[in-house]
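Going by the order they are written in, the chains are A, B, C, D, E, F, G and H; count residues from 1 in each one.
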Amino acid sequence: MVMTEKRERHVLITGFGGQGIVMAGDILGKAATLYDHKHATMTQNYGPEARGGACSSQVIISGEEILFPCVEEPEILICMSQEAYMKNVKSLRPEGTLIWDTDLVHTRKADMHHKTFHIPATRFAEQLGTKMMANIVMLGFLSAVEHLVHAEALKKAVLDSVPAATKDNNIHAFNTGREYGTSIIKGLVKPEPGKHQD
Amino acid sequence: MVMTEKRERHVLITGFGGQGIVMAGDILGKAATLYDHKHATMTQNYGPEARGGACSSQVIISGEEILFPCVEEPEILICMSQEAYMKNVKSLRPEGTLIWDTDLVHTRKADMHHKTFHIPATRFAEQLGTKMMANIVMLGFLSAVEHLVHAEALKKAVLDSVPAATKDNNIHAFNTGREYGTSIIKGLVKPEPGKHQD
Amino acid sequence: MNGDEACCEGALAAGCRFFAGYPITPATEIAESMSRRLPQLGGIFIQMEDEIASMAAILGASWGGVKSMTSTSGPGFSLMMENIGLGICTETPCVVCNVQRAGPSTGLPTSVGQGDVMQARWGSHGHYEIIALCPTSPQQMFDMTIRAFNLSEYYRLPVIILADEVIGHMNERVIIPREDEIEIINRRKPSVSREDYLPYKADADGIAPMANCGDGYRIHVTGLTHDDRGYPAMNAEAQEQMVSRLVDKIRNNRDKIIRTNNLYLDDAEVIVVSYGISARSAMQAVRNARNDGIKAGLITLETIWPFPEELIRNVARRAKAMIMAEINGGQMVLELERCACGACPVSLVSNFGGAIIHPNLILNAISKAAKGKI
Amino acid sequence: MNGDEACCEGALAAGCRFFAGYPITPATEIAESMSRRLPQLGGIFIQMEDEIASMAAILGASWGGVKSMTSTSGPGFSLMMENIGLGICTETPCVVCNVQRAGPSTGLPTSVGQGDVMQARWGSHGHYEIIALCPTSPQQMFDMTIRAFNLSEYYRLPVIILADEVIGHMNERVIIPREDEIEIINRRKPSVSREDYLPYKADADGIAPMANCGDGYRIHVTGLTHDDRGYPAMNAEAQEQMVSRLVDKIRNNRDKIIRTNNLYLDDAEVIVVSYGISARSAMQAVRNARNDGIKAGLITLETIWPFPEELIRNVARRAKAMIMAEINGGQMVLELERCACGACPVSLVSNFGGAIIHPNLILNAISKAAKGKI
Amino acid sequence: MTTSKAVKNAPPHPMDSLLRTERIPHIWCPGCGIGTVFSAVISAIKNTGWDPNSIAVVSGIGCTGRMAGYIRLDSFHTTHGRAIPFATGLKLARPQTKIIVVSGDGDLFAIGGNHFIHAARRNMDMTVICVNNLNYGMTGGQQAPGTPLGAKTTTSVNGAPEEPFNFSYLASACGATYVARWTAMQVRSLRSSISEALEKRGFSFVEVITPCPSSFGRRNRMGSALEMLKFYQGRSVIRGDIDPKDASMDIDKEIVVGKFVDIERPTFLDYYEKFNRPQIPQWRSLHGDSQKAR
Amino acid sequence: MTTSKAVKNAPPHPMDSLLRTERIPHIWCPGCGIGTVFSAVISAIKNTGWDPNSIAVVSGIGCTGRMAGYIRLDSFHTTHGRAIPFATGLKLARPQTKIIVVSGDGDLFAIGGNHFIHAARRNMDMTVICVNNLNYGMTGGQQAPGTPLGAKTTTSVNGAPEEPFNFSYLASACGATYVARWTAMQVRSLRSSISEALEKRGFSFVEVITPCPSSFGRRNRMGSALEMLKFYQGRSVIRGDIDPKDASMDIDKEIVVGKFVDIERPTFLDYYEKFNRPQIPQWRSLHGDSQKAR
Amino acid sequence: MQKTKKYQINPQDENGSRKKRQGQVIVIEDRCKGCGFCIANCPRQVLRVSSVFNKKGYHPPEVNDTSRCVNCHFCEILCPEFAIYTIEYDDFNE
Amino acid sequence: MQKTKKYQINPQDENGSRKKRQGQVIVIEDRCKGCGFCIANCPRQVLRVSSVFNKKGYHPPEVNDTSRCVNCHFCEILCPEFAIYTIEYDDFNE
């Protein structure tokens, strides 16, 4: 239903190395290409650090061939660290959607004119056993609050991308995020208050 | 007396690696530049072998700056090996001078239209203690039979170029060659018969 | 699949069964994929002690009759140069993939650059010709790796894939054809007996059939200047003969080797030339220019070496201006300038690395050029 | 004195007191002379385990405040490329002498070649500019080695002497001037305190003063892209800033760096361009041509990099034809073609190595060109 | 809670004077042992009491190699594997400077192995500290020359098919005058060894077995950084004057730690002077000065 | 006088079948020991009885490196120092081929040192023969990693300021499975050692102390080639099962010769198969075949 | 107790007998990456994980019982981040 | 005798007792570079320097006393030039 458009949809996922930022972008791209049969590019931006350095993945999904693979003004910006938020929020399109990890980002009130969502993805993941799945929680959440790819496609792409032994856990994480998102969208849950800087 | 000319004089000294061919060329060049104050170039041609490979040194002496340093048609060709003789004799100018080591080269009758001289330089050197001085014997001989540089200049250049401990021996070798040459020129000595191939 | 992984799959599809390499960002994933995939296919992966050893090892493996490859980025590519020269001189088929990052020196290891294109041509000492291919997508990484092996086996030389960090790390869909849809070229084998075989005697097309180690031909292979038998021949004539062959087998087959992807050349007034990731920006810019009513065209250099001299000479005569887009201080633009030969002005859109060229920069240059302001 | 020995003496005269090297024909005599001479002058000679180590060692020694040098030939030059890049990126003064032999690969170790001129420009990965000088005689080996050190100290980069086997092994008289007749340039030192010192902040002329190790400035030096303080800065802006400086300090000073030896350019119709040993043949040919009544001229590229673009552009407009004479498959002729820019035809007289170009070949080309047959 | 914020007028961290504090936090992962080794290095340098301007640090490329960028001394971050030859040039140009080379196992022993063995043979006067984290950290965890046989890395997913080098033994076989090994946890002994190595005239070598939790640890299911730190330490057995050949380095069995070599041997410069210029005494005294200057 | 001319119908020289006779005489100097080592190599190969098409020779650059050009086997004359990695690729591509690497001390241990130690560590299945003539012959006699301390060469006119490597010890420290040393004169023992090395599975190493009369001999006033040959042999002491560390290589005192190491250890390919494809038996059998084929 | 012994920490540190001195622990919170090295290896169990998030999202250590610190500096030298150090209590609280 | 023993040549070779066989020495003159290895090291002093010059100007060895050769092949394997070898006398002179 949401997939007929030809225009390019630009998503920027940002955070620290080690949070699975690139993997999240990859899964999103896979979902779009392999299961939704659209075009997608995912490029990454990262520093020399294995952990803790600024890191982002840029995903473009489109009905047509994508040439320039950079996301300069995302319509969806996902922030999983304060640094990433500070650096990237300015680039978000005015009508764009801002999504962040409730615990890791203190937003500025000034940025709240965007469509905004947040989820304590890292906390949820920790509760599910490991912080490492925060990215999957976030993807589940994304699938609920924004229609980029089919949720089923995304779920399949998750299964494709994680080690066999962790498939169940990851689907669980995905569902956790998705359910939380759905509840919020449906107004079933009032989101926790976000933390503001100012 | 012989040094006033501006024209380039081309000398090709040939033999095997290890016979001191390059050193002989170097000494000749030094004599011309350092002591006769002319221009000279010496270039070498050799293979990867430290010993026994074909080897030549090309000396050009001139009153003027020398540009192209190759000796293509020597006016003086010195051959210290059979191989060198076979390879190079064709290049000698018709009016040129052919000089060889009596024991090491069997000449062809056909080549005897040149001005020719030969000396058992290696044998003389062996008699003086070491084969290694054959090149110096040859230089002494050359100084007697052809007027390229002043004999004194050549002698000084020899002294410049050999290890201190061997200076006396080398001067002796030089004189041996020079005396043999002078005697031949003066007809005092009849040269040994050369060895012909055919 | 990202470009690095596509490169690995392409190599396997081409029949590569030996990989020796040394990790380096952003090419490491090629080696890592190979280390996983090769054992499954009966091949061998070895991580060598450095890039020099890796390059030497693939030459050895190629003489052992196995299609071989290594991958690296700038610093490792510099180290491979001596042995790439050995591969050229001994006419050894193999493939080297350089996923370019921004240099010089260690530079920006995790960011894009296209600063090694001249190095790919001239990086080893002495005179020679080379073949280098530039992919613009993971799909092309796959396809071109196969082509690289084919060219390498046919023309008997190390073929270079000059990718870049963005292509290497970019994820896009890659379609892997069925095995029987892939054209594979294998080295030509000698058809004569051991006594009659002259390992470096070329057939009419300039390519000499190649006996592998163990085929019974008792070959001798040397990086010294050599004669038809492969024996060292230490003179200028042998040098002339050998290097002529090395050079001519490429020069005389330029038409078969060179591939460009031409867009709107028929009526283009401003022609952009580009390659690798920059060519995607260029294509975007050219399309936008067309939308703006400017007659722009694009030549994407899929084969970057040999350079398509004739094509450029021809189009330069008809063009108002030409523009090179590349991520370096101006390298292929020099070739463009040379071949445009004054027939039309040539300009450069570039940066020194670390970021893709923005299509708008190229578009601006196109607009200016269209207005004659170059 | 042969060219190699002259190179050694030039280095010593320039103040070189550290040499690290590895033997290779035809450059070995430079190292050998250094090993004899340096201890006499209080300097250090070390034979390293290979050329990579040699290059690294001279960079280290230079940061230790001592003028340093290495020498090699093609195969070793290829191996040095990565660390030449480090020298460029870290702006380390030092001199590398490549006495060229015929390649590619091991080639003809004892014979002449000029096949490394493009490699000298492009051999290391990433984008940069370089300075390279080409001597035409042992005397020039001496003089240019001094100039190489001066340029290197002033512009802070590895400067390359591109000699060739004939020059290296040719014996000619070399006049060594008195010490006080030799102009020596030393690196600029910082004039500010440790706190205020920014090691990579350039003065107005684009050159940054250099503190040595031990001067108390606690410098940090890295081959990563770095900012003014010398600290790694992993982004495209820093890259642009750093590489621009590296490139501009050469590009903006071309006029001061480039030296050519021009003969009969005033009225020349056919202009030969050449360098190194080939330039001697070219000069012979030009003189002969003049004797034959042909208005020939000669540009000898004493500085081969940067290439004298403007000079060539200018003379090309006035010339009937230009000819490049070089011992390779056509390298600098590409630059000539590029800069002639279609203004006059350009041709090449060359061989692939192993022998000097005969003046008559050049003379023939001149005659033909004079008759418009090019 | 006693934090720097809470404690008013707290003096700066005692190691800050040798840190390029403006660059802290460093890039190393949480729990990476390189930081601990770095701390030991700084602490050992402080112990010597030398003029900091007479000490230089040279490193290659890798996570460990970044150390040169954080120490407030003349410091050189060179090319991958080439720290030792760079340091060789630096040392020979400035014999009065004390040189510390610190780099990773891959840098020093894979691509840089040749320089290592030759510098040890020549007895080039420098202290080489190897952070042996059993893999290539910087590039994401590939097999290294110290990777245990069968261990999993990104280029040996089924197990490394090569027996590793025993770096300390190799160093001693090549002629190093001082050789010691510790695990990162044994940071006090490590500091003493580094101090001894620094005071040593000649080629001294200290190997530190260090957790790389992000790459090696993760792939070999070794738990958290802390667990790795303790694991290596738990495997370690201190054995002093053992034949270096027997100083086994096997994380599955035992990691022999301690000081294995401490000998005297003329350095390259000693021999160079002896052969080339016995007649120039001031040069030797320059070298002598340097010993003092430290 | 009994010469080949005089003896009618004389059969060819027994080694001619493995010689590229059209290239003889070779480039080595009169009395150069490389020729003698070459003779031992050919003779050892003939002894094995293997199919000559299943043997390949790889060498680097140098006088010794030229050996590859004279042997009538598949033979590869590579780049300076890179014979071993080239041979590594060749071996892994063709496990059924037996690889002999023969090269000079400079080639194998100066520029090529890193490849040597890693191949030994990996136990790459090949036989490496080092002609140790104590200098760089090809380039005219410079200092080499085997040049004795204080010896004169063109780059150490006053004496080499570095203690040399003990190659055999280094090989053993790095894990070689077979190590032996002889002087060129002990050509029968040398031949046996080469034969044993060839039969060995794994990285085997044979070092031969060989006269280079033109360069090393001349500069160190060692007399004629024959005198050098006898001198080295005279300095030699045969000691079999000595600790390789004690196998001293000192031309001024004693040159310990003999076989120092002869052990079994899985090769790189053994481990590679074990970890990566225990399930593919035909591959192992291919390797097994090769053992037979020899 | 057995547990810390295993890590070969000076027993004097452990029982505080080395010197009659007391340390004051200082944590530079924003440098901390929460590895827990200091906490787990303090011979006197002076430290514990705090609940604070620092700028990078880690929990720096906090002092459990300041009087137990014997100023042995072990935490200081072990910390990979130069995030913790101690000073003589008296030096400071004067 | 003592002299040759020093070079560890099989004593059986030396006294010809190894086998009742006789060798026939063959010299490929133009390969010889006159190093003298064969001459000096033949355990039976079979060889001596000839006065002939070969193509390269060296003096190849010649046989002194052919009956003394025990066909031990030592000269053959020692010769760096593949210039000398021996065959069973009978093999050949049939």
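The rule is short, and it goes like this: a residue touches a chain if its C-beta (ideal position, glycine included) is under 8 Å from a C-beta of that chain, and two chains touch if they have at least 3 such contacts.
Everything quoted here is computed from the prediction, not taken from an experiment.
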| Given the touch definition stated above, what is the smallest step count connecting chain D to chain H? | 2
| note | Chains sharing the largest count of C-beta contacts are C-D
| task | Averaging only over C-alpha atoms, locate the centres of chain B and chain H and give their separation in whole Å. | result | 38
| said: Measuring centre to centre with CA averages, how many angstrom lie between chain E and chain H? | reply: 59
| message | Distance between chain C and chain G based on Cα centroids, please, to the nearest Å. | response | 57
| note | For chain D, residue numbers touching 2 or more other chains are 25, 39, 49-50, 52, 75, 82, 85-86, 105-106, 109-110, 222-224, 234
| message | If I count partner chains per residue in chain G, which residues reach a count of at least 2? | response | 33, 56
| request: Mind pulling the residue numbers of chain F that touch at least two other chains? | output: 25, 28-30, 32, 61, 77, 79, 110-111, 113-114, 118, 138, 140, 145, 156, 158, 268, 272, 276
| field | Complex contact set, residues of chain B against chain D | value | 25-26, 29-30, 33-34, 39-48, 67-70
| So in the complex, which bits of chain C are touching chain E? | 22-25, 28, 31-32, 35-36, 39, 45, 47, 49-51, 75, 105-106
| What part of chain E is in contact with chain C in the complex they form? | 61, 77, 79-81, 110-111, 113, 136, 138-140, 142-143, 145, 154-158
| Which positions of chain A touch chain E when the two form their complex? | 18, 47-53
| said: For the complex, give me every residue of chain F touching chain C. | reply: 20, 23, 52-54, 56, 58, 61, 68-69, 72-79, 82, 84-94, 96-97, 114-115, 118, 268, 272, 276-277, 280, 283
